[in-house]
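Labels for the chains are A, B, C and D, by order of writing; each one numbers its residues from 1.
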Amino acid sequence: MVSPLILVNFKSYREGTGDNANRIGSAAEIVMQESGVTIGIAPQFTELHSFCKHYEIPVYAQHIDPVEGAFTGYVPAFTIQTAGCTGTLINHSEHRLSIADIEATIAVAKFHHLESVVCTNNVAVSAAAASFDSTYIAIEPPELINSHISVAKADPDIIEGTVDAVHKINPGVKVLCGAGIQSGECVKTALSLGADGVLLASSVVTAKDPKAVLRELVSLL
Amino acid sequence: MVSPLILVNFKSYREGTGDNANRIGSAAEIVMQESGVTIGIAPQFTELHSFCKHYEIPVYAQHIDPVEGAFTGYVPAFTIQTAGCTGTLINHSEHRLSIADIEATIAVAKFHHLESVVCTNNVAVSAAAASFDSTYIAIEPPELINSHISVAKADPDIIEGTVDAVHKINPGVKVLCGAGIQSGECVKTALSLGADGVLLASSVVTAKDPKAVLRELVSLL
Amino acid sequence: MVSPLILVNFKSYREGTGDNANRIGSAAEIVMQESGVTIGIAPQFTELHSFCKHYEIPVYAQHIDPVEGAFTGYVPAFTIQTAGCTGTLINHSEHRLSIADIEATIAVAKFHHLESVVCTNNVAVSAAAASFDSTYIAIEPPELINSHISVAKADPDIIEGTVDAVHKINPGVKVLCGAGIQSGECVKTALSLGADGVLLASSVVTAKDPKAVLRELVSLL
Amino acid sequence: MVSPLILVNFKSYREGTGDNANRIGSAAEIVMQESGVTIGIAPQFTELHSFCKHYEIPVYAQHIDPVEGAFTGYVPAFTIQTAGCTGTLINHSEHRLSIADIEATIAVAKFHHLESVVCTNNVAVSAAAASFDSTYIAIEPPELINSHISVAKADPDIIEGTVDAVHKINPGVKVLCGAGIQSGECVKTALSLGADGVLLASSVVTAKDPKAVLRELVSLL
């Protein structure tokens, strides 16, 4: 059986850079080894290369751009592949793309052997995105992002609805569920509703003890 | 006397990643040592950290975002400072910012002790940007970017006009000149018109022999 | 049997404003009456109201924004409904939206009883957009927009592929085909490949005799 | 002596469309005639033409785009001039532009004999924008927009600072002050600090009795 994925997005948090970022990377590696649950991290661009080298865990970019050549200040897929990443987030609610760019970005990720985690905001958008054949769809109801309310408790229907809608269009796409995930209970509920993992950020990144939080998250699996 | 700055923007060129990027970094270091002319490079985000560590030359980011916290897929200034960069490009014509964000980005760069190189497209925009007190204004007429026509030959007035307009608003801001720079003659002309250096990209990054191109660029200084 | 739709996008052409815009509106009305083929127009925002009042043809906005309230300089759906429009273009290649905004915009159009014509750039994006249940998907291969090469001749597969992909996801969505349409032959070919009409712009808007062009377009129906 | 300008931005408020928009237009016309104070309005795009025709007051667009030709869903300056407008807002905080586009938009407004009201967020951005020679700079501290706290009371320094900074760069540019303006007292304070008028929105647009609010605003002039 394939392990679920716990994916930790470092966003632009100061706590997600430098020494503290390493503390989180190291915690993720330890808890992954202890529990057998796959724990991925999405650090900041400048640290992707060293995280890929130093930790035995999957590392994701937070974003890539479907460009190459005369594009200053962008993140081409080949730089992410060269850094050694496993995959990338695409279309996070804090970094939305046009529908044409989502399609192009998933294609360019696939070409570079990168997993694609496409973020969506509701069931209808998840269904639409599913036809692009990304590795994951990560559903995050915008009203719960950066809240302390777990989507698994507040809105289980959106998880089930997304899983159904995505699999109806494309059974090969896995579903992550995000927004407000904080406890082993949340993770367990998400998986029982059909999700293949969770996407989370501040509850791990800004935690005093990220290892304890990660242990709690996998505790009921 | 302060050396002029030759700043090489790697953009999203494939030739600006991995081994070839290192070849350019190494060439820049050698030619800087030989000539005493400051040669800076702006590699891709994922490689900033290792370039800062391995080369004794100033390294710039191609872009930073004036954000911190819940911003996924952005480039906060503190990550660029942590990577060890000297400065950053801001508002490149391929990555334009709102006027409010330019002001905020220069301020956040300054706070993190990063030089700011603000790109502009004409004399009027250069004058406006000068009031923000960046380290440099880099004037690049859009019609000459990615051309093989040197701004120094095709439009010397825009260089002189920019230098005058910028210094009238803020004498502390230095001026780089970009677009089509390819030879030592171009660099010499730009400096004689009042510029403090040049910004260039493909002529070095996609060159078969970047060291030869860099030697040519500094040959008349 | 329902008539096909010939939809003329005025874009930001000077020839699509003022007197000449009226000449096109009037030509569309005459040719629609003569031929029985539905001819719609998408004039500029400031002229929507008067075109809706003066011409007995369907009038579309070129864009709407899914907003209401404190949004300065946007185009809320209710203003388009109040003007008397039949529908709106959404996500034109010259005005791309995020996937979340496309979904929200189609929903807000529906709420205001406006037809939605969602523009797409390839088969995969068309399929994704089809799940949003717009009135039309208008497929326009970007490389043929503003060309004089008709999609119906240059790339018939993309029309058939789009019709198939769209109807597989949602049989209720009609397909328009755009880019390079110029003759009655093009229109006939597009319909024979399964399209329900065509979307075109410069060939009518910048024509010396828009009435003659419209008559040619419907000549083989 | 030139009258100050009271400029009412209808934004995308439902109360700023149709019958209620006419109620505001009519109130503005009456209070302008009674008081001799210039009252301008910025209605929605679809209603610009009829407001210009029906009311003897200056009408402004909320936004224009510096484009012409193959740009679908944009607002070219010539359509605003054709509609009969006096001028346009540019770079409202809800619709920010790149610095290059602000420069180009002011130039295109000038070419079409339209007044330009450039919105800014602080003193530094106001100073930069002043070099573009717009008709007005409208300073609106973002934290006070949509608040009920008047900038004139909460932050008089920003008004004085903006007036000073703008006039130092370009004495010909007039200054409006926005954000939270609600009473004749606010307007009087703003003018005494050097402003040439005020920019406001919800306090008039969503008022039960816009005429009463406008009378209050001009009551101490």
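We adopt the following convention: contacts are C-beta pairs under 8 Å (C-beta built on N, C-alpha and C of every residue); 3 or more make two chains touch, one makes a residue touch a chain.
Note that this is a predicted model, so its numbers are computed, not measured.
Farthest chain from chain C (centres taken as the mean of C-alpha atoms): B.
Chain C and chain D have Cα centroids lying 34 Å from one another. Computed centre separation for the pair chain B/chain C is 43 angstrom, with centres defined by C-alpha atoms.
Chain B and chain D have Cα centroids separated by 37 Å.
In chain D, 93 are the positions where the chain touches two or more neighbouring chains simultaneously.
Contact between chains, using the touch rule, shows up for A-B, A-C, B-D, C-D. On the side of chain A, the complex with chain B involves touching residues 9, 11-14, 17-18, 42, 44-50, 61-63, 65, 67-76, 78-80, 82-83, 89, 92-95, 145-146, 201-202. Residues of chain A that touch chain C in their complex: 91, 93, 96-103, 120-122, 124-125, 127-129, 131-132, 169.
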